[in-house]
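Next come the structures, one after another.
Paired with chain B in one complex and with chain C in the other, chain A is shared by the two complexes that follow.
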Partner chain A sequence: MSNAPVVLAAAIVSLVSLLPVGFVIWIGIQTGWETASALIFRPRVGELLINTAMLVAVTIPISIILAVTLAWLTERTDLRGARIWSWFAVAPLAVPAFVQSYAWVSLIPGLHGLFGGVLVSVLAYFPFLYLPVSAQLRRLDPAIEDAAASLGNDPWRVFFFAVLPQLRLAICGGSLLIGLHLLAEYGLYVMIRFDTFTTAIVDQFQSAFNGPAANMLGGVLVVCCFGLLGLEALLRGNERYARVGSGAARDPIKQRLGLLAIPAFLICLITAGLSLGVPFVTLTRWLSLGGIGSWRLDLIGTALGQTIIFAVAGALLTTTITVPMAWLSVRAPGRFQRIMEACHYYVGSLPGVVVALALVTVTVRVALPLYQTVFTLLLAYALLFLPRSLVGLRTNIAQVPVELEQAAMALGRSPAQAVRQITMRLAAPGVAVSMALVGLGITNELTATLMLAPNGTRTLAMQFWSLTSEIDYVGAAPYALMMVLLSLPMTLLLYAQSKRMGGR
Partner chain B sequence: MKFSLSSLAGVVAFAAGLAGSTMLATAQSESEGIVVYNAQHESLTEAWAAGFTKETGIKVTLRNGSDMEFANQLVQEGAASPADVYLTENSPGMALVDSANLFEPLNADILAQVPENYRPTNGHWVGVAARSTVFVYDKNKLTEDKLPKSLLDLAESSWKGRWAASPSGADFQAIVGALLQLKGEEATAAWLKAMKENFTPYKGNSTAMKAVNAGEVEGAVIYHYYYFGDQAKTGENSKNIASHYFKNEDPGAFVSVSGGGVLASSKQKEQAQAFVKWVTGKGGQEILRDGTSFEYAVGEGATSNPKLVPLADLQAPKVEPSKLDSKKVTDLMTAAGLL
Partner chain C sequence: MTFLTVTGISKRYGKVAALDDVTIDVPAGSRTAVVGSSGSGKTTLLRLIAGFEVPDTGRVVLDGSVLANGPAVVPAHRRSIGIVAQHGALFPHLTVSDNIGFGLERNTPQRDKRILALMDLVELTPAMRDRRPHQLSGGQQQRVALARALARQPKLMLFDEPFSALDAGLREGIRTSVAEVLRTQKITAILVTHDQAEALSFADQVAILREGKLLQVGSPEDLYMNPRDPYTAAFLGDVIILDAQLNDGWAVCRLGRIETSSLHSGPAKIMLRPEQVVLSPVSADTNDDTGFYGNITRTEFGGASCSIAISLTDPSHGKPDKPSLVIKTTSINLPAVGSRVQIVVLGKAHVFE
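For the complex of A and B:
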């Protein structure tokens, strides 16, 4: 009985995933303390730090309030059309953040700075909180609320003292995800003219390629990401959330809104209007202004084809290399496995620009044959989206009884065959969701693609970006539309899965 | 449970296959045509490439980026660079690559096509086009008597909060490079420090012009052709705009030379030389005159678009393009907190 090859495979992936952080440390040492400190401790970095911190500190609370309100309204009240509103609360995921920002800048050309950044960030990212919070709300046992009410608490107190604490994990998880996106996003903030670490790193990259200034900013950004991870771990706490008692929880009672139905309806309508209506209106306007002339089919076709190829190849590669880890963490847990799994997760929290900087430098200096190849780009995608893939695979492998594998082997299958023919087939839905999530990420990825892509590559995101940089908003519109259309089915899959997780 | 090593080998083979097929694809594209590291406007180089391919049948693959990104990238890639030709919007990138001895000397027939003041004396690269610094301003807010007389005036406190620029762009960095060459390090550092206080940053010259047009700021230091380009399209982003040329050999009258060069590491030098020859020749320069780029033509005997202020009337200061120090510029701008 030996897992050695699987452990080896998982260990290799873990080692590769350490590459970006190893790079940051290595380049820091190479730069030397004097140069490094001169580049890190300067007023500009202070400005960026304040900007980034303000962005996170303002966006996340607003997103929490908005997402919890919407989740409560759609899951626990008699709000009319709750199903549609809940779909509208997830659908903004299909609008890439930089398209959302493009829509807003088209509508209000002067929109900029912290206010603009927060507004567009909330609209682009609040579904990351809405999804887990609404799923959690669906699963809660109403008995706890009954107990709280029977002790004389009014509905508001019941919500704040009995329901909200139970949403803690979902809120922490969703907030972390949003926070990491805020640190990593490039296109959104360039268009809204708000400087963060990521935009400053790209500025430096464009002025001096992978110079020490860019690398040092990258180092600070990595520290920020780790800071967020640590903060989340701290706030998550370790209370018990599982229900005690036998039997299944009954369906929660839907609160009657009464007169509040009107403001509730307005909240849903305004959110959908801002997050979906604005992109819809501006896109339609640019598309109709451009008419048939802006549909350069040859160019759009090439970009669409390349984007799909990258998305599919990247999703395949990512899923393939996460299988060993997912299988190990279910079938052979242990301390070593936990360390390897942590490696898989942390790398996904790094911004694309940092991973790309590391891969550019390593390939150009050490692994030249891999420089500017599709392989390196796919590797960057795989590293960025490892956690997305691992989460889905792990849950689904865990649901396949080990006895089936054993039975298959008793009937003469080799272990590899047994896993491939039994486990992976039964885990197929999970694989599909993982691949959809990774594909969604790749379709809308910009910074790593710009920095790593092979010569002559034109993805939808690249074309969109190059056109908007020349303020050709009309020409960019078809590319934005294609990205939204590609993202829609993947968002639907995600929505369906969250419903299933919630037991419906 | 035991996994056969073959399954692991399968994964490795899959990855290797991907890498292999990629390299094959790259190798193929090399044999098919030349790779151009293009920091010029995509639409302009695409027009050049299309014209060149039509005439010669040689395929051109573009990698788009910015001047200094490519210059530093080429230095790191060294002999292994996949690029055959490097095209810029400004000269500092050319100077950097040349100082690393990465250019192949250009053939005499190419050099003969470009006047001496638009190419370095060593003949390692040539000017392919030119652009002039300009102060675009909002006609509704500023009248001619209130305009700055010199680029240096924008450092005065009276200009606080009133002008814009795109400091992360190679264009603006080239202007700072000219300032550095003309006025020295101390004056440049002081000017940049004042600039940080006074100006509003935008990403990209088009965006800066759009902001002036929308009344967000009174003026912006950019290049001349954005105004004409927009006028030729819808004019929507330049309807309130007028252009002010500093002239008088002011640093703000700097004319920046866009360069083209062949990499010494190129495996297809002949085709690469042919491309540079085409761009600086009749066909390439006519695209500058007739197209929508509105950049100045620099070829011997070539004429620019008649809408432009003639190059000879700009009273540009004497700047040696091959001595523009990009490294010093980014260091000074980083120190001033602009980057």
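For the complex of A and C:
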């Protein structure tokens, strides 16, 4: 049985996913060292670098402390209403980052700079850490804590020396995700008036279109991303964290909070108030101020329709092109397959702005008819959400035993028919979930959409963005509400997934 | 008449040779069992015949048409070979009748009737046709898998340890009914198993694989009584292997003079099956030159069969001889520890040449 056509398809997708990095390298070579160094080594870039580095260096530790505290309180203590608080710690994911900053800026118009950036970033992104950390806490074998305690450690030492080290993978993974979002986010920092690489690139792009300045900044941003990926790989290490031994782990014992229950309650309340209460209050205020008049149904209808079309088409395209890689990585793993898989994964960690720059340059110079077409935009979405789709597909294909595919072939189905009629049919429910995740990601995508969308495109995010740029906060409120509502199902899915991962 | 010919098949995974120059002929309408411990390459052989693996070298010819000639192969779906996997591999999203009908074209005349006839053939009641695989017992699942494979009227059926996941009680019943179906339908079949008893009772021809090499092929009786080497002998059942001096068709060993069919003379290793050794109780002081005697030193009750350790008395000087002989025997009239028995060997001893 030959895998050649599948390998070929996966190789093509891998090559396309190398496009953004190929673009950065190619543009670097073409610009030449002289011009490139003049564009890179200047005070403005240094300033951006310091801003971005400060943002990452301050936001991530605060997020870690907040997320681990909340996870421990909700999973391991007798905190009252732990289930509700745990849901409140995930729910901020339903508020897109630029809606979160819109809420804060309209509440405190003077909020700006590093402080503002860090505050809103932590509130918008800490659930990315809370989800894996709480899932990991739930999965830990309490016997290890018992053992540590019996060796004479007080509860604090048990937490720091026996529990925390086991959370390392979850903390590293979540921090990486937050770091990549910090590098990639555009809307949030524009609104809070804090310059990062991404905002600077989009500014350059909008004023000088496709100048070498924007491209060079893009190159530096890609280097930053790789730096983060490398740092995470380094910190993650290769220790074994899986439970040694067999049998099901006992349920962990809940720590009694006693007098600490009051501060614990306050921490949960304040976090929920800042991350959910503020958007809720401001949105309600703007919506009630605007009243029924701010609901321009024709405009909102168009925007909603376009957004849904993009989301569905993008999700379909992304899922279709990841099927070959997902199938190969389950059925025929090998060194070559792993390299191709790495290509699929790395591209998702690139900021939308870099992918968009690459596609703009390539279409303008090589395939002009494709410039500013829906196809190019969908391709950008596909590249950005390739890992999301691959992870979902792979787990679901892995759950279909290869014997079923072979049984179908022995019963006269060709390999392609066997995969379609049996494997994909059985994987369908899970694949639908990962398609939904991709589609909902597309719904809230702003940067690449702004740069690549054909003229006249009006998605919810674009409409929201152009209205807030004109400080029309009242007019923007309905769009913000729609985006929050569209994000809710994704948040529920992620929450349910992490609960399942933890075995509940 | 040879129906399936496998000639000089080799298959390597990296540095490991899964199959090394394996050649085997399967006569039409016969049942062949391929046995070996895990990792012997038996499943690889089956997968090569089915078309799920590509051989490095060697040919597979089925009924005159070449299925594989080195890396040039006919894909699995064009081979019309039926396969029944270890756990049945039923499609979980289809009902029993849809599973059985999976290989039948939609427009097959009297499709439903065919499905019902197949269900009847494998002894499934028509009431089960709307059940899902998870609502069936393991044995019923295997019956559905068999019916599904039979639906396409395959030239050859392959069975990949199909009974090993079943309860011991169920296993024998379904094995007999599968053998019966194959016999009435005149279908050639290959069964892969690690269970020697299953291989011996199911097949007309047994092939033994070890580390990718084919050790011996033959009828079950022949392999059992005349294995080519001690590994095969021990794999197919309990053995007593003794050093002996051959002379003129007789072997002289610790159990006396035993007839062999070997014409060699000189030292050799001979093999007896424990059921050839008959023990009869005698009084404690019996000792003469005409028979062989021993004392029971240990008995281990094991249900239907028990193991007995006997220390032999050398007739020449009457002293106990070491090591003691351990045999499996029926648990009826088990001699007590310490009692004395006479040892008689039935039939011929097999000589390893």
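Rule of thumb we're sticking to: the second predicted complex is superposed on the first by the 503 of 504 C-alpha atoms of A that agree within 3 Å, B and C clash if a C-alpha of one lies under 4 Å from a C-alpha of the other, contacts with A are read in each partner's own complex, and residues count from 1 in each chain.
The definition used in the following text is that a residue touches a chain if its C-beta (ideal position, glycine included) is under 8 Å from a C-beta of that chain, and two chains touch if they have at least 3 such contacts.
Just so we're clear, the structure is a prediction, and the values are computed from it rather than from any experiment.
Once the complexes are laid over each other on chain A, chain B and chain C both fit without any clash. By the touch criterion stated above, A:V364 is placed in contact with chain B alone, chain C being left untouched.
Once chain A of one complex is fitted onto chain A of the other, the partner contacts of A:P415 extend to both chain B and chain C.
After overlaying the two complexes on the shared chain, residue contacts for A:L485 are found with neither chain B nor chain C.
Across the overlaid pair of complexes, the angle with its corner at the CA centre of chain A and arms to chain B and chain C is 150°, in steps of 10.
In the superposition on chain A, the chain among chain B and chain C reaching more residues of chain A is B. Shared-chain residue A:A233: touches no atom of chain B or chain C.
In the superposition on chain A, A:A313 contacts chain B only, with no contact to chain C.
Of the two partner chains placed around the shared chain by superposition, chain B is the only one that A:A213 touches, whereas chain C remains out of contact. With both structures placed on the common chain, the touch criterion links A:S469 to chain B but leaves chain C unconnected. In the superposed model, A:N3 lies in contact with chain B only, and not with chain C.
Judged by the touch definition given at the top, the superposed model places A:L266 against neither chain B nor chain C.
Chain B and chain C never share a C-alpha pair closer than 7 Å once the two structures are laid over each other.
On chain A, the surface touched by chain B in one complex and the surface touched by chain C in the other have residues 1, 414-415 in common. Only residues 1, 401, 403-404, 406-415, 417-418, 422, 425-426 of chain A touch chain C when the two sit together in their complex.
On the chain C side of its complex with chain A, the touching residues are 50-52, 54, 75-77, 79-83, 85-87, 89-93, 102-103, 145, 148-149, 151-152. Those residues of chain A lying in contact with chain B across their complex are 1-6, 8-9, 39, 42-44, 47, 109-110, 190, 193, 195, 199-200, 203-211, 213, 313, 317, 320-321, 331, 364-365, 368-375, 378, 405, 414-416, 419, 454-456, 466, 469-471.
Residues of chain B that touch chain A in their complex: 1-8, 11, 14-15, 18-19, 21-23, 25-26, 29, 35, 41-43, 61-66, 68-73, 76-77, 80, 82, 168-170, 173, 201-204, 206-207, 210, 214, 216, 237, 327, 330, 333-335, 337-339.
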